[in-house]
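Alright, structures below, take your time with them.
Both complexes below contain chain A, partnered by chain B and then by chain C.
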Partner chain A sequence: MDREYTIVGTRMTRTDSLAKVTGSASFTADLKLPRMLCAKVLRSPHPHAKILNIDTSRALRLPGVKAVVTAADAHGVKWGVFKYTQDHPMIAVDRVRYVGEDVAGVAAADEETALEALDLIQVDYEPLPAVFNPEDAMKKDAPLIHEEYANNINVHVHIEVGEVDEAFGQAHLVREDTFHAAGEAYSTLEPYATVASYANGYLDLWMPNAAPHVRAKALSNLLKMPLNKVRVRRINVGGHFGSRSEVSPGDLVTSLLSMKAGCPVKLVLTREENAACTRQVHDIQATIKTGVKKDGTITAKEFRVVYDGGAYSSTGPIAASIPYYVYEEAYRFPNVRYNGYRVITNKGIRGMYGAHGRAFLCGNEMQLDMIARELGMDPMEIRLKNGLKVGEETATKSVIISGGLEEPIRRAAEQANWTEKRAGLTEGEGIGMGCVAVMCGFPMGFRSGSACYVKLNDDGQATIVTGICDTGMGNESMAIQIASEVLGIPVEDISLVNADTVVTNLDPGAYSQAASFVGGNAVKRACEDAKRQILGFAATKMNHPAEDLDIRDRTIISKTDPSKSMPMRWIVREAFFQGKPIAATGAYMPKVDFQREWIKKPYGQMAGTFSFGCSVAEVTVDKETGQIRIPHFVAAHDCGNPINTMAVEGQIEGSVQQAGVAVLTEETRWTEGLLLNPDLLEYKVPLACDMPEIEPLIVCSNDPEGPFGAKEGGLTTRMNAYSAVVCAAHNALGVPLNEFPLTPDRVLKALDAAKGGDKS
Partner chain B sequence: MERFKVKLQLNGEAVELDVNPSETLLETLRDRLELTGAKDGCGLGACGSCTVLLNGLPTRSCIVLTAELDGSEVSTIESLADGTKPAPVQESFMEKGAVQCGFCTPGMILTAKGLLDRNSRPTKEEIIRSISSNLCRCTGYKKIVEAVEAASSTETPKT
Partner chain C sequence: MITSKFEFRSPKDVEEAVRLYREFQGEAVYLSGGTDLVPRMKLGLEKPKAVIDLKRIVPLTTVEDQGDWIRIGPLARIFDLKQNDLVGDYFPALEASLEATSCESLQMRGTIGGNLLQNSRCLFYNQSEFWRRSKGFCLKMGGESCNAVPGAKTCFANYCSDNAPALCTLSAEIELSGPDEVRRLNLEELYTNKADKPFDLQPGEILTAIFVPKKKSIGGYEKLRVRGAIDYPLLSAAFSFVDGTGKLAIGAVGPKPYVVEMKQPSHDAIGEAVEVVLKQVRPVGNTVLDPDYRKRMIPVLAGRLINKVMEGAK
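Take a look at the complex of A and B:
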């Protein structure tokens, strides 16, 4: 696999970083357009209520108020990722279902006026009985939050493979445990914002988003406007982690305000609104039953997982499935039954999260350690025994084409001195391992693919046009790096135009881990097409076979006789002369089973490829205080082949923070429907002083499909770092830990419970 | 509403402002002066994304009232580069890969600059302690610490 690349695989300085270090990089809230108005949103104070009447007349009379909108200005279209989950009007019609739901919007000349106008809007509510916890919500007599979801079950994902009951009957050992994890807040450092500018029948939009084309389509539906009249533009995004995947209520409200006022309108949410009124993370309870043979081979798995979905569907079926899939993509189990229930409650809306599913994933890994202990096995051995290998199929029939779990496990264990460390642990110390594998993309119909255009200008520099979106991870830089590698011109010769729906072509977006594997492949193919054209002209001009020509450092050069060369720009100009300017297209559609559907047919090839990862955490636990520290953390991630080594490391390190350290501190706390910690003082995002010494390890499986062998750049760590930490804590304490995050009070409670005779 | 006249030395230039008493320095910078490098991440003093140098010290501009700053010196991220040449600390943030989404970056860099101005050879522990005043949601801080180490005038003594 040792191919020589010029720039792929280097520690390249990201192309976007200069604008970011100088403060000139603009985020949505930084935008200022002529005549721009300030928007504010009136929100529901009730978790569940009928709206009897909304009177906006007094607000409209306030000087400086330019527009007020309510659901009466919308078109009655509801949002949901799937046809069968379209339940969210985005601006409440006759009922509110969570505290903070958007009820009306105001656009005014300044912030004070807009806030004053909110006070003048009179809404008459009739409070309804509400329900805040999924188990209660599923009870027969629970208040029904949406007519269409019986027992408030929004989505039920059922997967059944093999002979599950028979396999449990024959198992040498069966364990069943229940784990619960509070939901998290995405805590992107940038609070949500939208700028909408409507003029002459066209709507221009800027907002932190992870997929401009998907966002424009959703808004074109909600606004009943043709897609070409809704333009989502490129803007820097201050973090995403799943939170910016879907259209947001603020997008609709701001758009309606701009259309009504005829001026640009900016809405910037406060930190507290960002937490309570944009999507947050699911609270999850997972009951996990595992059967194994005497040698530790997993023979059967059964899961019942309940997701607290909040008030609306959002990515419902996906959210209720992903934790399971990233687990079956890592481990072999021939018999499995999965029942995932996403349940509607009168709490804030929830979406997908980069570190989604910690109750399920930590639970599976900790239980595997408990089983290993009963069998007298090393946790590493039981993982190696059950880890999937290249050529194998997952339980629901996805073939693994590269990687496999073994190498990340071995690399991480070696780096962490796993065996020696385990043998030498003292009181209060523990070491643990967590594994996972992650799909690079998943079926989204024709939106699963990406397309890219390239043009060469008359000085031989290139413009790359792609829908690839960068929410902070470095996707823009990645696209430029790939283009530079293929075209043989330096990075500074490449201009990027991206994530602008009028200009760029479809792309699946910066979620589902498809950016480098799918979007990067499209860029590579487009540049290869351009290069083919260039070398074709060069062959004639230089009277030399095209196969023996290459482009290196802006020069066409013979591979066998380096004395034969010509500046590339001469060839590009020659192409202009002949009326055939160098302009190329490339597209990539991943090889997935498009018949696959999250509920109706959860079987078939899920993704073009999968990344594998293993994390090893060392912890110390103070049994007096319940305080856990993580002095050292090793994370091995198989990214196929890194495009930018430094960027991949950055993803791994950020994941250790957002999953590994977060499992000690992060949780959204509620009292009934009220979020108690919407700010960054009470919600504990880890700081530099909370971080372990991190050793990121890049594993290269050189994927046969990925661009230059690349897969995705670090998500396995985001979905296994918490498992490593909880397994290490379990290793240190020897008692079951079923409630996450592992805050000191929960640790002490687990120790007390074990003292009470409830030994595992 | 009562207005306050305030004279500031802002990014090396004298400015005279006429502000209302409840206006924060962050609002003055972003809304009045169009210096949007300082970010509003929380408005509560919790995240550090609004950090500027106030009389040389890293300060959260979202919890400082402009009306109280008469005669002060304020430096924002926009003033750090020497013309088009980024300052060494900016260079090292780029080179070490300490920048991801970039929302925390201006505040982080000014916090680091404030530290390096007071202590040109901070230990790793001192760097960690200092930047623990600022939140970053993307990086896990490792590369930020490395960037500040690289920017310090000599090799940081390793412990």
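Take a look at the complex of A and C:
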């Protein structure tokens, strides 16, 4: 690419990197406020029980205890992302539904006293029958976990497009397979923590969150406080991946404790609490039926997907839809029936995940490989044939405005020597491809958009104020880089004020891949407005037409006459003189169909744009031990245009770990509602020594809507890397792989099963 | 997680350490590297009144060539030991097991004695007090029956030392110093074969030396694990060939290493040795891979290891 831009597209060291690698960056657990108390939470030891009585009197008498809260201190408001899924009281009222559910909170002078106080709270429970897997939970005689959900079905997403049955009838080949993937843990390095400080009717909060404005609104509802009195403030966040999207029970407990004690209160969850008592990832079982023509064209799809939702709704319909959408955003299929059931069980709460839908996505991709094999096609060819192109619509009527699947497939295949490698594979070797497309932003009503303020300071430096939130991926640095490009001043001249609900304006947050596409666009527009104002003053001052002026390296220059230039700070000062300081606003609202609704109307434009990606993994499988190694991995990601090339590559590499390698190792293990691996020893996050050689490839489709053509920075890899590995393993073994993760015992089981029958 | 309150003592010699143990009437634990003990204390599996740190007892940390024997101080760090020339020259199985232990940063903390005396492990046992109370206490915690195999009256926890199987194949002996006596025994005699109380140790006894016969050997160590580092073994195999005799030890599938001797490691001899082990082990679903799979891998891991070692000797 020609150097169109000064700083956009460079390999800039992120503005947050130095503080983080030297350990000087502060996270929520590091905060210390005067008179701050330590909070601990009393949790349910039962997966399902009635609460008969709670007696906190002995705990309150313990010296050092400043406050104890239970549901009696809350306001009876339940949390749920949608009105129809508000089922989670956040502090149990009369029933507990999972082991680890918040029952009471204590604030004390120190941690030991708080823990001692928990032991003094007497809770009388009446255990109830519990159910731990969704198929059992849907049975007629299963214990009902919430009165309002018949058969424990929390949400049912039904999508129907075209004439599905007819299309299957006419298909040349139809294949149906069922896949199951165990749930996963987010394993953020930072355990969850909340600091709440209540004074004079105002509540200040710090916690790892992905969207301060959305979090503040949820808490204002739960606390029945006006929104302007609930302030969520900016803090570094040590990982997110979907886990910090929603309000957490700890936020409510800590807020209530601070309000009751009249002091700041800090709650820091243990690693076990982080795993067992904050949202984790759904177990998924997907039955996938696909019909194709003789030439490999997909004509029909039918899905029945069951999501183990744990005890409460959380993102409910979104979680039960996203795996399907990121698939339909990649491939063309005219007829489809999707039935997604999110089912309540007596397990910990579940939420969205950056790599959501493992069983669904790699099930689809591996099945496509099986079909290709039956048709005598190359897996790449069948993907190219069915991949969506610019101008086409997805099955549920979203238009693709940039990218398309072809370029990432071709780039990844070329880099990986796909054709030559496939031809030269030896025993135990395999190569596989995974594709996906991902929405950038999705409908969240008036909160779908972002707004930014800019002011120019008296030395020509700028302050930008935006709701953009950075949970570790570099969004803050991205915003600064965009402002630097537009304003023509170096990064170090820009101060960022962000993610603080009293100061910053609305922003959708760091999920649904909205930060660069939506938030970045608002920053760009605000800075463009500021630049227009600056050049207007400059035109008068320099007696030169504004259209011929530009800003480069803190200097106003003429584009045509190099002799004409003036330091920018002179212009900024001139504006102050005239009583018209440079202050600008910019906003961006993505062009989505706001009538669209996850259950009632799952049709219409889902997002402003879509990113596309293709991963190619090479594996070797030891057929005697079932162990899989990944020597080499190529990931092509269409990010539109990289704002920071190095940051995008970093996201791609991290995604290979979190999905591509994790598909061999990561799963949550249960024993009747108790997590068997709530730690980082037995929950197997891949280590540096497990990583393949990675070649990240950035594909530039230059999105017409995105800021400088940008879309999002790496999520397609997180969603397709495991498909690539699974397809490669399938390529090496030639047998269906239906259970994930692909631990060696499962691989041998699949080989054994194939010896007994189904050889694909 | 925070530990319960305890007193911390740093004796200068073994006698003082044992005296302190008696002073706290047995409610004390000895601290070596701490990589097993500290997590256990944080989980509330140990609530000692005192922690007696052995790290300042210098003789416990050294490695010494005694002519017929190499004496290894049990407080020697795994990381230091794996770089020791004597270990490399004489005991390749031990060297490989040290290399395979956890990861380098933990090897710098952990000691070989601590590795030998690490407690047996189970996913239903190595959990927080909250977890264990929710589930109900198992045999190893003083409960009525096993939680991994509901109703069972036997504990199935796994002894996951990487270095013990290797030392067993090298016919290592150990010295235990207690309040009443100093005794020396074969390492294999340390084990009770009961997972809930895996070691035949008298109250207050300290592992004060490991003796390995100073004989050139060929050997190796293989471990089954999900990740390339950090993980405890899900199955391990050590093999040493000394003076025309081979010894195979299989670990992490029961309360002790299972040791079998063989004259010449022919195909049949390996098969017979593995058969001996298979008859003794009963892996259950108390760790992260399927128990049948772990059992199935015993002949695979053992066969590959022995063949590799013998091939390398040619």
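Operating definition for what follows: the second predicted complex is superposed on the first by the 757 of 760 C-alpha atoms of A that agree within 3 Å, B and C clash if a C-alpha of one lies under 4 Å from a C-alpha of the other, contacts with A are read in each partner's own complex, and residues count from 1 in each chain.
Methods note: contacts are C-beta pairs under 8 Å (C-beta built on N, C-alpha and C of every residue); 3 or more make two chains touch, one makes a residue touch a chain.
Source: prediction; values computed, not measured.
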| item | value |
| --- | --- |
| Partners on chain A (chain B, chain C) - clash or fit | fit |
| Chain B versus chain C as contact partner of A:R43, first or second or both or neither | second |
| Contacts of A:T188 with chain B and chain C, given as first, second, both or neither | first |
| Larger contact residue set on chain A - chain B or chain C | B |
| Partner chain in contact with A:Q658 - chain B first, chain C second, else both or neither | first |
| Chain B versus chain C as contact partner of A:V99, first or second or both or neither | second |
| Chain B versus chain C as contact partner of A:L748, first or second or both or neither | second |
| Which superposed partner A:E302 touches (first chain B, second chain C, both, neither) | neither |
| First (chain B), second (chain C), both or neither touched by A:P678 | second |
| For chain A as apex, the angle formed with chain B and chain C - C-alpha centres, to the nearest 10 degrees | 40 |
| Which of chain B and chain C A:T22 touches, first, second, both or neither | first |
| First (chain B), second (chain C), both or neither touched by A:T270 | both |
| Per-pair minimum CA distance [chain C against chain B, superposed on A] in Å | 5 |
| Set of chain A residues, in rising order, touched by both chain B and chain C | 270, 681, 687, 689 |
| Parts of chain A lying in touch with chain B, wherever the complex brings them together | 11, 13-14, 16-27, 29-30, 32, 187-191, 236-241, 268, 270-271, 471-474, 646-647, 649-650, 652-658, 679-681, 685, 687-689, 691, 694 |
| Parts of chain A lying in touch with chain C, wherever the complex brings them together | 43, 45-46, 99, 111-112, 115, 270, 272, 624-626, 664-665, 669, 671, 674, 676-678, 681-682, 684, 686-687, 689-690, 743-745, 748-749 |
| Chain C residues touching chain A - in the complex, by the definition given at the top | 1-2, 103, 123-124, 127-128, 130-131, 133-135, 147, 224, 226-232, 287-290, 292-293, 296-297, 300 |
| Contacting residues of chain B [partner chain A, same complex] | 30, 34-44, 46-47, 49, 76-78, 80-81, 86, 90, 93-97, 99-106, 109, 128-129, 131-132, 135-145 |
